[in-house]
Every structure is written in C-alpha cells, then in structure tokens.
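Could you have a look at this structure, given as structure tokens, before my questions?
Labels for the chains are A, B, C, D and E, by order of writing; each one numbers its residues from 1.
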Amino acid sequence: MEYTLYILILPLLSFIVLGLMDTKWKPRVAGTIGTAVLTIVTALSYYTAWEYFSTANLNGTYQKIIAFNTVWVQFNEYLHIDMGILLDPISVMMLVVISTVSLMVHIYSLAYMKGERGFERYYAFLSLFSFAMLGLVVSTNIFQMYIFGEMVGLSSYLLIGFYYTKPEAVAASKKAFIVTRFADLGFLIGILILSYYTKTFDFGILTSCDANVFASFSGVTFMGASALSWAMALIFIGGAGKSAMFPLHIWLPDAMEGPTPVSALIHAATMVVAGVFLVARLFPIYITFTPEVLHGIAYVGAFTSLFAAVIAIVQTDIKRVLAFSTISQIGFMMVALGVSGYGGQAGTGYMASMFHLFTHAMFKALLFLGAGSIIHAVHSNEMTQMGSLKKFLPVTRWTFLIACLAIAGIPPFSGFFSKDEILAATMHFSPGLGVMMTFTAGVTAFYMFRLYYRIFHGKAYQTTNGHTPHESPVAMTLPLVFLAVVTIFAGFIPFGKFVSSDGAFYHIHIDPTIATISVVVALAGIGLATWLYRRENDVPSVVARKFSKIYRAAYHRFYIDELYLFITKKIIFKRISTPVAWFDRHIIDGTMNGLASVTQWTSLKTKGFQSGKVQHYAYVILLGTLIIAAIVIFI
Amino acid sequence: MNYSVFLQLHDELSLLVVMVILLTFDISVSIRRGRYIQPLAIVLLTIHTLLNAFPRDAFEVAGGMYQYFPMHTYVKTILNIGTIIVFLQANKWLNNKDSMIRRGEFYFITLSTLFGLYIMLSAGHFLLFFIGIEMASIPMATLVAFNKYQHKSAEAGAKFILSTVFASGISLYGISMIYGTTGTLYFDDLLPLIVGGPMQIMSFVFFAVGLFFKISLVPFHLWTPDVYEGAPTPVTAYLSVVSKGAAAFVLFTLFTRVFGNLIDEWQSILYGLIIISITLANVFAIRQQNIKRFMAFSSISQAGYLMLGVISASTTGMSSLVYYVLVYLFSNLAIFGVITIIENNTGKVAIKDYNGLYQTNPKLSAIMMFALFSLAGIPPFAGFFSKFFIFAAAAEQGFYVLVFIALLNTIISLYYYLLIVKAMFLRKSDEPIERITSDIPARISLVICLLAIVFAGLLSAVYQQIAAYSFI
Amino acid sequence: MNFLSIFVIIPLLTLFALYFARNRKQINLIAATGATLLLILSGVLTYLYLNERAMGNDSLMLFRADMLWYAPFNIYYSVGVDGVSVAMLILTSIIMFTGVFASWRIDPLPKEFFLWFFLLSSGVYGFFITIDLFSMFMFYEIALIPMYLLIGIWGTGRKEYSAMKLTLMLMGGSALLLLSILGIYYFSGGDTMNLLEIAQRHIPIEAQRYLFPLTFMGFGVLGALFPFHTWSPDGHASAPTAVSMLHAGVLMKLGGYGAFRVAIYLMPEAAHEQAWIFLILTGISVIYGAFSAVVQTDLKYINAYSSVSHCGLVLFAILMLNETAMTGAVMQMLSHGLMTALFFALIGMIYGRTHTRLITEMGGLMKIIPFLGVSYVIAGLASLGLPGLSGFVAEMTIFVGAFQESGTLQRILTIVAVTSIVITAVYILRVVGKILFGKVQNPQHETLSDATWWERTSVVTLIIAIVALGSLPLWISDMIQNSIMPIVGKLMAAL
Amino acid sequence: MGAIFDNFGSGVIPLEGYIFISLIMFFTGIYGFLSRKSLLMILISIEMILNSADINFAAFNRYLYPDQMEGFFFALFTIAISACETAVAIAIVINIYRNLNNVEVDSLQELQEPESTETKTEI
Amino acid sequence: MMIKEIIFYILALVITVFSIMAVNSRRLIRSATYLLFVLLATAGLYLLLDYHYLFAVQVAVYAGGIMVLFIFAILLTQKPGKNIRPEPLLQRVMAILLSSAGLIFCGIIIYQSVNRVYHYVEKVEIPVKEIGSTLMGTGKYEYILPFEAISIMLLACIVGAIMIARKR
C-alpha cells in the first residue's frame, strides 16, 4: 500500500508550491490547487480505508501494516528516528476523519475567506496542516509522532495568527504555541526516558508490550513512582497539551482568534484530538504496565470535561462556547480511554473513545462551520448581538440544530451512540465517575441549546446600519449539509467492527438503562435551556445575579488565564529573566569590566612611583638590590 | 707578544675600520659635503655586516679574555641590522639645522657604543666586559643629550648618565667582591669557583643589577621612560633595541656560563623580576599619553618576556631569546620609524595626535599596526612566533606558572597596543596629522622592518639558523 | 601543494587581488568570486571526502599532508580532515558566501573591510584543516584579531568598547590555550605537536588535571561558556552584519571544535574526571542564556544571548562524552552557525532599513517587507527547533545522546537543558510577534523596500542550507558520527 | 670588627680594614648621591662610589691573590673609566647649566609622569 | 711594623671623615677639596699595599685630571660664595637610613664570609716594566685587549663630551 505515501507528499508539495508562489498567483488558483490536492488525498484516504479494512483482517484481528519506512536520523545503533507510514484501524480511521474534515474546510474556505489578504498563504498553511496531521496519525514511531506534533503546533500557530495585524491574534497564536510546546517538553522527556530503557522508538515494538523490552525498567523508581510511570505520565502531558486538558487548556479558547474554518479543522476536529490519539496509540503500554497513570488520565479527563462544560454555560462568544465544548468533549474521550480495559468487552472505553472522536470530529466541525456561517452573516462573535437568526439562515440553522442534538446525545444522532458507550464504560469502571460524566452530558445539552436558542431564537435581531444577514453561498452550505448528513447517520456505523482495543471485532450493544438515563438527562438540559432562552426573559440574569460569584468566576474561566499570566509575566519575566539579565550585565559583565577598571585605577594611582627625580630612581635601584640580595641570601 | 691574534677579531676590527673612516671623513670635509657621511655610514656598515654575517668556529683570544662563539655572529649581525635601520631612520633628523653640525659625531659615537656592545658580548673576562658595558653606556649619554638645546634631551642625558653610573658603580662593587671571593676574573675559571655562600650571592646580585639596569627590569627601570621620552627618537630606538638586546643576550651567557652554580638563586630572582616587570610596566603603559614614553613601558614589559628565555637556561632558551631579540628589534624599529617620521614632519608625539592617522597616512598606520601586532604576539607576524618560542622555552623547564602570568599580561599589553591601533583606525580627529611624504631612507627602513615582521616568523629558516648555534 | 591548503590560499589570493581593486564594483566582484570559489571548493571537498570513505579508506584523517616547519619544536604544517572538519568547512564556506553578499554595500572603506574579512576567514579555514597544535593555535589567533578592527571600524553603537572587550576576552582565552598547548607538548614527551600522534601518547593524569580545564576554558571562552560569555552580547550587538554572521556562525564554533578536538581527544581521563564541573557551567549557559534573552529589547542582544544558550548546548553535548551527543554537538554547531548567521543577516538588513534594533520601536513589518519577515520567521523557527529545520535534528541528537548518560547530574542537567526549548520558543515568538506582526509602530516604516537581490542571495542560500540540513540530515550525521567514533573509542578506553 | 682589634699591633693590617673603608666610602657616596641637590655633588659622590671599588680590588689582590695582578689592573682601568665617565658627565652638567642656568637636580623635572587629563577612560 | 698600621688607621680615619664631610658640605668647592683628600688618602692606601704604580695613577688621574675637571665645572656653574640650599630633611633621613642599612647588611655579610687566610707577601713593589709587559701582553693574565678597548672608549667619550660641551 505504498500509494499511501502520496497522502503525505501531496499536501507537502502543495504547501511548498503555494508557499513559494505566495501572491504571484491569483487567489482563485491557489484555492483551487489546495482544494484539488485535498480532494485527491481524501479519495486516497477512503481507498486506503477500504483496502485496509477489507484486506488486513487476519483471523478476526486487524494487523498493523507498515506501508513505508525509512531511517531519517540515526542516533546510535538502536535508536533512530524513522519516517514511515503505519496503518492500523485507528490511523486509518483518523486518515478518513482528517481528510474529510479538511476537505470540507477547504471547500468552505473558498467562500469564507474570499477576498481576504493572504488567501494564498491561508491555503498553503492549510496544506501544511493537513500534511502534519496526516503524518502524525500514521507515525510508525513515537519520535515521528513528536515531530509531526511539533509541525501541527506550528501550523496551528500560523493559522491562529493568520490575522497577524490583530494583536489578540498574535498573542493567541503565541500562547497556543508556547503552551503546547511546554507540554511537548514533557512529551520529549517522556520519550527520552522511555527510549533509554526500551532502546527503541518504534510503536510496533513498544505496543507489543514484550516484557523483555521493558525489562530494564524494573526496579527503577524516582520519587516513589516507577520510571515507566513517569515516562508515561510525561508523555501524557504532551498529549494533554495538544488536547487541551486541564490545566493546559488555556490556549484553546484564545485560539479562536484564528479564522473560523481553521477552528473547525484544527481546534475542533483534528489537532486537539492528537492527545487522545497518542494515548490510544500507546494504550497497550498504559494498560499493561501503568494502569495507575491511565486512571489518572481518566480523572484528569473527567475533571476537564466538567470544568469546561461549566465555563461554557456562561460564555457569550459563540466560538468560545464551542471551544469549551470541545475541551469538554475531549475530556469525555480521555475518560473513556482512562477507564478502558484491554480486549473484548473490557475494551469498551477504548472503542467508545475512538468512536466519539470520530463522531465529535464531524459534528463539532459542523458546529464551527455553522458558527462561521453565522459570523459571516452578522460580522460578530458575540451572542448578545445575535438572536432570531433562524429566518435569515435556514440551512445553517437546521444543520446547527442537528449538530446540537448530536452533541447533546439525543438518538438517533451519532453523538448519542458514542457518548452512550463512554458513559457505559465509565459507569462500569466507577459509578461515581459515571454519574459525574452523565451530569456533564446534561450540562453539555444545556449550554449547547443555550447557544442554539440565543442565536436562532430569543430577542429579535438588531439590524445595524441597514445590513441584513443572509444565508451563506453554496460553497459554505454544502459542507454544512454534508457534515450534517454524516452526523445523522454516523451513529449507525458498526464502529466496533473496525476499531477496538485489541484489533479484534467488537460488537457494540447499547445498555438500555444507561441510555435511558443519559437521554433523560440530556433532555432535561435541553428543557432547561428551552425554558430559559427560548424566549427573551430575565430569568437568566436573575440566576446569574443570584450566583454572581460563581457566575463571574466561570465567566472569567475560573481565573486560570490570570494565573498563567501571573506565572509568565510576574514569575518568569520579572522574577527570573529580569534578574538573570541584570545579573549578567552587572555582576558577570561587571566583574570583567571591574578587572579592567581595577587595572586602570592601579595605573592611575601608582603614578607617583615614576616621579621624575633621578635620586628617587637611584634609591629604588639600591633598595631593590638590597632586598633581592637579602631575599636570596636569607630565604 | 704575538699581536697577530688581533686579526682573529674580525667583527671588532672591521667595525673599527668603519669608525675610523667615518671619523676621518667627518673631520676632513666641510659641513656641506658632510651630508655624504650618511650614505657612507650606511654603506660601510652594511658592508661590515655582510662581511661578518657568517659564523666561524669558536675560538679564544688572549687566554680567554675574548671568547668567540658562532652565536655571537648572529647576535652581532642583529645588532648591526638594528644600527643600520636606526641610521636610515635618523637621516632626516640629522639633516635639520640643529643637528646637522653634529652628524659625524652621531655616527661615530653610535658605532662606538656598538663597539662596546661587541666587546661586552665577546668578553671572557670581567674587565673587558666591564669596559664594554661602560663603553656602551657612557657615550650613549651624549647621544641621549644629542639635541642639547632642548631641555628634554639635556635632562634625559643627565638622568641617563647619573643613573647608569650609579648602577655600574654598584655593579663594579659587585665585581670587586666576586674577585675577592674567587681570585680570578676569567669567566671560564670562575664557573667552578662560584659555588654560593652569602658573599658570593651578594656580590652576584650587586653585579647583576648593572645588567638589569641596562635591560631595564623593574625596579631598575625608572630611568627608562624619562630617557626614552627625552632622547631623540632614533636614539631611543637604538637604546630600546640594540643595547637592550645585547644586554639580554649577555645576561644569558653570563648567568649560565659564569653563575651556572647559582642557578637556583638567579632563577628565583628572575622569576620575581619577570613578574613585576611585566605587570608593572603593563599597568604603567596603560595610562601613557606620550607615545615615546608609552614605548618605554612597552619595552620594559618586553624585557620581562626576554627574561623568560634567560630563566629557562637551556639551548632552546638561548635560541628563543636571540630570535625574540631579532623580532623585537624589527617590530620596535618599525614603530620608532613611524614615530620618527611623524615627529620629524609635525613634531607630534602624543598618542591622541595619532587619532585618525589612517585617513591621512594609511601606509604609515598600517605598518605601525602590524608592528604593534607583532609586539603583542599576534600571528601571522613574527612576534607571535617569538613569543611562542620563548614561552615554550620557559615551559620546557617547568615554569608553567610564570608562563601563565606572562600570558595573562599579554592581554593587558594587547590592550594598550590596541589603544594605538584604536587611535589610528577607529578614532576620528578634527585636525589629523596631514599627509606626510616620508624620506627615502626612512621608507627603506620601514620596508625592511615590514618584510622582517612578516617573514621572519613564517620562514622557519631564521629561527633554525639561530637554533643551530645555540649553546649553553 | 596539498588540496586542503587551497582553502587557506584562496582567501589570501583574494586578499591580494582586493589590494589592487579600484572601485566598489571590482571589490564586490573579487570578494564574491573568492567566496564562491570557496563554496564550490567545499562542495568538491565533501564529494571527494565521501567518495574516499565510500572507497573504504578508513584512516582517521583524509588528505593528510605534512610539511616540516619548525624542527626544533617539531612543528609541522600538517593538514587533514575528518567528517567533523568537513562539516565545519562547509559551514564556513556557506557563511563566507552569504556574508559577502550581506555586506554588498558596506560603508565606509569597503576594501579594507573585505581585506580583514578574508584574513579572518583564512584563519578559520586554517584552523579547521590543520591538525598540528601550533598551526591550529596560530590560525585560531589569526581568526581572532581582525575582529577588533572589523567591529571597531564598521560597527555600530558602543563599538570601541565592545571590540576591545571582545578581543581582550578572546585573547584571554587563547592565553590559556597557549599554556595548555605547551603543557600538552611537553607532557606528551615533547617530540610532536601533531594531534594524531599525541593522541597515541599518554599524558600523565596529574598533568591532565591542569591542562584539561585550561584547554577547555580556553576554547570555552570562544564558545561562550558561562561566565566567560559576556563579550558575546556586546560584541555581536556592535559588529557589522557580516561580521556578526561570521563570528556567531563560525568563530564561536572554533571553541566547540577545539574543545572536542584538543581537550577531549587528547585528555580523555581528565575529561571523565572533570566533565561534571563544566557540565554544570554549560548547563547554566544553556538556561541562563535563554532566560537572559527573554527580557532583552535589542534584536542583536536577543540573538547573542540565544547564541550563548545554543553554544552552551554544544559544549554541553561534547561533555556528555558519548558518540550520539557529540554528533549532536557537531550538528548543533552547523545548525546554530547557519541559523544565527541568517538571524544576523536579517537583523542587519532590517536595521539597515529601520535604523533601529529595538523591538519596541518596530511592529507590523511583515506587511511591509514580507520577504525579510518570512525569512525571519523561518530563522526563528529553526532556532526554536522546529522539525524539518536544522535546529531540531541537532537538538534532538544532543538530548537523546545526553540522556544515554545515566549519572544523576547528567540526568538533571539534561532535563534542565531540554527545558530551554520552551524558553527559546518564548523569546523567539516574542520577537516575531513584536516586530513582524501587529500594527506598524512607526509610520516612516510604511515605505520601506523589501530585500535587494544580493540580500536575497544571502538569505536564500542560508535558508536552503537550513532546510537541507533539517530535512535530510542522515548523510551528514553519518559522516560526522563515523569521524567521532575513534574519539569516543579513545574516551571509552580511558574509562 | 673583632679581627681588627684582635690583630692590632700584630703588624699585619687586616684585610677587613680595607674592605670596611671601601664599604664606608661606598655607602657615603651613595648617601651623597641620594641626598644632595647639586648635580656636581652627585658626581662627586659617584667618584667615591667608583673609587671604593678600586680599594677592594687592590686589597683583595694583595691579600688573597697576589700571584696575578688582576685586581691591580682592574683598579687601574677603573680609574680610566671613571675619568671617561666624569668627562662626559661634566659635559652634560655644563650643558644642563647652559640650558637651565643652574645645576640643581630638582630642575630635572620636565620628564616625568604627566598629570592624566582623563581620569577614567572606558576600555 | 706598627707604623704601617698607624698610617693605615690614620688614612682610614681621613677617608671616613672626609668622605662624610665631602657629601655633607654646603659648599661645592669645599666638597671638591674634601673629595681630593679622600682620593689622596686612597692613593695612600695603595702605597700601603705597595702598589706604587697604582698610587701614581690615582694621584695623576684623579687628583690631577678629574679634580681639575670638577673645579672647572664648579667655577663655571657656581656663583662664588654662594651656599647650596639645604636639602629637605626627609630626603636626607631616608638616604641615611638606606645607606646605613646597606652598610650594615653588606658589612655583616662580608665580615662573616671574607677569607682570612691571607697570602700576604711583602713584595716591595711591582716593577713598572712588568706592569708594562703585562699590560701589553696577549696571553692569559695580560691585558692588551682591555687596554685597546679603553683607548677607543676614551676617544668616544672625548668626542661625545666635546660635542656636548662645545658651544655649537
């Protein structure tokens, strides 16, 4: 299956060509090239998926296929970074997801970004991102994943900062890059530890969980935990950074400064799930050797999920709401992975996580693209400036509603199926966690419908200076419709047949109790939202006033950003860098200059020695003679 | 009484012939014709140099009173070259109204001090040695006071004669006590007799002071800056290279050949003197504003480096020392050449006058810079090699700490050499020294120096020739 | 005449030709020709070298030639190259080439500028090709002193002060070196100055204990070892563009190269014994340089501190004393050389337009001068170690290599060093964000013109090199690694 | 000085006698050199310094090494040297007198370390 | 031989006293006279040592030559009857301290280590002829070379001194 290589090469070429050409071509040409390339890539991905799932099945288990592999850098006889393509169920699934969403975004952007300065650059960056993300998912080894992870981070940086004249965008892109970079630091150290003991980067060897490979870990502990636990926990930090787990989530809401299609592609569907994908990729190691880390991941995921959901309730920027929703949903995926066991029924969580990843990518992309459409129409992100848009934007409204229902977990939309599996797995692992996640699901339903109502219902739209919102062009609505269709039907895909923790077939079956409860909770959430926001009334503000402290805290995202600001500005900038720089200029450099000054000072002060009096000279000569003689004779 | 032994003293005899010819010429021709004495002196001296540039086998004359080693030929040739260059540079200065009348005397006296240095070098007996050293210094005083109507020159002459005689008085007393403890003054006989003991050590120290004074090691250096500043520039040049170089070489041979048994004592003396000489001179040089005075401190510090060759007391030490003297001679004379040219044309000798020199006189400043780099020991100039070898010689004998201190001092010395470079190249001046057309002889001298600075290091033959005849 | 010596001869011939040049056009032409010849020559050398290796020639140094120079001290002019030197020669050639183009409009005194520039380069080339301690030292010093004039005459700001400080500190380093060279010579028997032959001898461990730190510190000064790095910010800030490029790009590598070729290779026992001291210092360099860079406001200062950090990484890796880390060190030298040259070139070009280097006085330049802006971003990305650009490969090789050392100190320091990648990101992005993005700060900047052809030549060459090294590192890292193996073998034997 | 008194009257003048006389003369000369103002006084002191060494030579030769006449000749030549020295020195002193109209050593102050104009220069 | 001893001590006393007076006198011309006494007394010592030739040279060169030079110089440069102003006390004290320190130091060392095994031979006189042949000889312990050298030196000094001292 070597043609899979083209899945990577084509977007890269597209990036290079578009990047070099920059403004020399007309924007339309650039957009066409980018889209065409992505179309081919999508086709290839689908073909790969078809071929893989139809041929790679051996005795009911999907095999890992190395479609391509080459040594890129050789560190020593056993450590080397390879560049290759690994095909297995999750990577193929990811190929499909990424190429699909990316293609949609490409098409969507043709209209959305029309007339923007730097249109060509935009498509070049999109190609770069596609390349990086596709490369990440097909990585054959952990280092390749790290590399592509960095490149994903870069393209995210470039795209967030696309409107580089906007200071907020620049700040947001910087923050995104640095936070993920910080997380990657953990990832890197984790890789270093892991590779030092296992002598390999290769996923094939690592995930085989061969005891011999991990033998040298035995007995190595650091601060009470085994070295392997440390390694895996650090690697998870890398994933957490990309996937915006608490407390590394702060970059994601800000990343909404980028163009909306970018948010749909990168910050909803693909890049942010890289962390989930990473954990899934290394799942065998987690479950075999370090279940405690895995459980930790579950708790982090659960907390993040609830935390983000709560914040999402009170945000007024629609993209921010969606961003927190994304964080929350990724939390779901993490929880699912964290509570999963290995193989067969125990592996529900794993399967569910991947399933949710898949469905979430579709409906969240849909939501964002819908939001883009809305913003395109009203030129604002703020809910307060919207309301009753349903008559202006019919297509957007219906597709948006479908996505909201999916994310809320209402059957038969896809979100229901995946979320239900997650809740089932969680419930199985720990009822307490299960209840918490169910509650979070309810909250999700609530804030999504709050969003929905405040955009499309509620107070009448205030037209400003004669501008009436109108439905977006076909290039934008087409992807919406396509994704909506996928969202409706994706739930019926027998996902377990393709993806499971051990590669074997897994049959999805819905637990009626849990399903009922979750649907009820979701409906309750929707109902509450309907009551509060369907029509304009003052209940929300009354509630907000009643819980003003919590409200304000949640509105300010529980002051996590301020904390970060404090750490970076006050601690690093003021307390470390400034003193270090001062120390360098005054103490270290001062010492060097001081040596020079002392010499000069001595030089100035000793001038009396050279008095110009010849008798004085003779005096010194004689004195010198006598002293030398005395020293030599007596000592 | 076989006086034919004199015929063996080629160097001295031919120099004497030169001197006599010049004296005769000077006496017999009119002042106007007197200008021919300059080319005559240079040509004669060049011939003399060429005739005596080839080493012969070692020999002794007058029962060891006069000793010849092949190395002497090289040292004397180096001194001759230095003198020729000084003559070339002195040309213009001697032609000015004040000194024109004394031209002949200048050549004669300079050559007689050179003759004194010859004797000092080849002496095998303290008497001859003492006469040599006095002959090199007492007439020197008249050269220092050559510009006798200038206060500075006259004062410098007085300071020079007073301090030099004071030092040689101490030295003489030392010799008398050496005689008192050994009963002989022949170098070869002295070696086994000097074995230590307070009186011998004391007399040795007293004696050595005279040489330290001539090389101007701290604390016997105090006369140097004043005299260098006051003396006419060519005389300063001569003092700083020719007489110092010869004295350094003699110090080496005397210390190793006569006082070889006191090696522990004199090594520790030199150890201390080197450190304080280099350091103190460097510290003083930093603050100088007069370039001649500045060069005085520079030469004191260079003297300290020279002593590294002596302290090693090995054949390597000797060859490095002689080589160092050679390179130092060319570098220093190049600098003095430029100073002379500028002083002759404008009368400026302050360092700040050199500001912006590169704009008006690029060639002069380039040569000056190369020479300064050579003094500072920057490759590819010869100074780098000579410094390296002299450090190597000291390190070979295990003086690592001393070499380290000396090396640290090279940084300070680089600093003040760069001060001049800075003045010439980096600084701009409102009233820079105007464009100077230098006289031909001075140009020749600069070219010689420049070639030597560049090639004396890169071509190893120079050093190897010297090394081939090194002895201890 | 040996093939390698041409590397020294071409700059000298260029010097000679420059002396007769009449106008700026001729000067530029001659300089460009010389630099291009050198670039071609280093390409040819690389080809020949790889070819020779492929033929199975496995002697330590190829293209050896010896010429007796000073017999009394056993000084030879001996040349020879291994993979590391070849890599360094390529680097030097690239930077010379781009440096010439970057100073196409140098003012005043263009002739003198190029004279000194080429003299400096001949020193650098000589240093990399010789394997005789004395010749090495001589070339080392030849490379240092032109710096004084280059900065002093053509620099900006407090140029006299900076030039003097730089020269004196570097000469201080070379003073230590001279002492150690003498020590090595005499303690290894006093009959050879040839590196390869000395490596066969055993220097007594008592002597090594003194000589190793001397040598390492001596080279370390040039390699910006904490706390001897203070010449670097001032020096780089004041130097003219091409000089900053050459100095940060190549000269600072002389330090790393020397430390590895002389200090580690000849004195492995002491290296093992004392590595920890210098590891701590270099570890401090890495993190300290990065933190200092965060608060600087002058572009060149930022880059200078960044160089302190990156060059600290070079020495750090060398001291890890294993093959991988050392390969990483050499890769880092290459990578840092290229990207810092690119940085300085760009800073020079930006400064030439805006007449300020303070990031607070610039903004939104990306819109006005997109070529320079994009190039600056690329340089920044290379600096913060983005995969696909050179910095990543080098840093990862270093980190992986360093992590193979299991001592507690090494572990801690490695992790500390790894953190620098985050701080690097912080200051790089800060600068990029401040000067390129955002609103235009100064209305006068609106009319600036983008890069000229010579500037483009310079920048594009560097970018190509950075990308090439970053995306196809295997051939060069193999070349380096194979040459490092013997050295590591000696180190292992010394354990 | 015990020997001098012990041997007093024994008919042999002890060597130390000569040596000490020369020492006294030497250091008296030095004292004069170091303390007097007039250049001529300094020259007079120098004469004493040089002369004192001659006594040493003569005495050593006679007392300890009478076989050869080395000390004798050294003293002889030293006298000649001091004559040369005196001639030159006096010429220079006269020259000074011509220039400055006095012969005081304090007038020789033109050449000395200058007062520095800039107190602190940056390196 | 008491008489020799007595003469010696008298000369010693003369040298000591007049040395000190010579360097302390307020008048140059007196100083010169005291110096003359010192030099003559030294000549006396040579006589005592039976170096008659040396005595003659000492008297001729010093007393006859050098002193005359001095007196000329003094008369040339000094206004008659004028005393030299006294030197600063500090300078004199310092000079006294250093010279006496030197005197004591050297005295102790010499006293401790001077060779007391004398070969004192009562040689009445070295014949002038022997002196002459030694001075002109080329062998060991013969001094033609220094003799020639010093002649050149004298020439050089005379040339130099004249150059400096003459009017033009």
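Quick notes on this one:
Keep in mind that, in the parts below, a contact is a pair of C-beta atoms (placed from the backbone, for glycine too) under 8 Å apart; a residue touches a chain by one contact, two chains touch by 3 or more.
This is a predicted model, so every value here is computed, not measured.
Note on connectivity: the fewest steps through touching chains from chain B to chain E is 1. Once CA atoms are averaged chain by chain and compared with the all-protein CA average, the nearest chain turns out to be C.
In this assembly, the chain whose C-alpha centre lies farthest from chain B is A. Counting contacting C-beta pairs between every two chains, the top pair is D-E. Centre-to-centre separation of chain C and chain E, using mean CA positions: 71 Å. Chain centres here are Cα averages; for chain A and chain E they lie 103 Å apart.
Between the Cα centres of chain C and chain D there is a gap of 63 Å. Look at where the CA atoms of chain D average out and do the same for chain E: the two points lie 9 Å apart. Contacts with at least two other chains are made by residues 127, 131, 134, 138-139, 141-142, 145, 148, 157-159, 162, 166, 170, 177, 180, 198, 202, 225-226, 287, 415 of chain B.
Chain E has residues 91, 94-95, 98, 102, 106, 109-110, 114-115, 141, 143, 146, 150, 153, 157, 160-161, 164 in contact with two or more other chains. For chain A, the set of residues that touch two or more other chains comprises 593, 596, 600, 604, 607, 610, 612, 614-615, 618-619, 622-623, 629, 633. Within the complex, the chain A residues that touch chain D are 593, 596-597, 600, 604, 607-608, 610-615, 618-619, 622.
Residues 165, 168-169, 226-227, 229-231, 233-234, 288, 291-292, 294-296, 323-324, 327, 364, 366-367, 370, 381, 384-388, 392-393, 396-397, 399-401, 403-404, 406, 414-415, 418-419, 421-422, 425-426, 429-430, 433, 436-439, 473-474, 477-478, 481 of chain C are the ones touching chain A in the complex.
Remark: chain A residues 596, 599-600, 602-604, 606-607, 609-610, 612, 614, 616-618, 620-625, 628-629, 631-633 touch chain B in the complex.
Residues 19, 22, 26, 29, 33, 39, 42-43, 46, 49-50, 52-54, 56-57, 60-61, 64-65, 68, 70-71, 73-74, 77-78, 81, 84-85, 88-89, 91-93, 95-96, 98-100, 107-108, 110-114, 116-117, 123 of chain D are the ones touching chain B in the complex. Residue ranges on chain B touching chain A, taken from their complex, read 158-159, 162-163, 166-167, 170, 198, 201-202, 205-206, 209, 213, 219-220, 222-223, 225-226, 265, 268-269, 272, 280, 283-284, 286-287, 412, 415.
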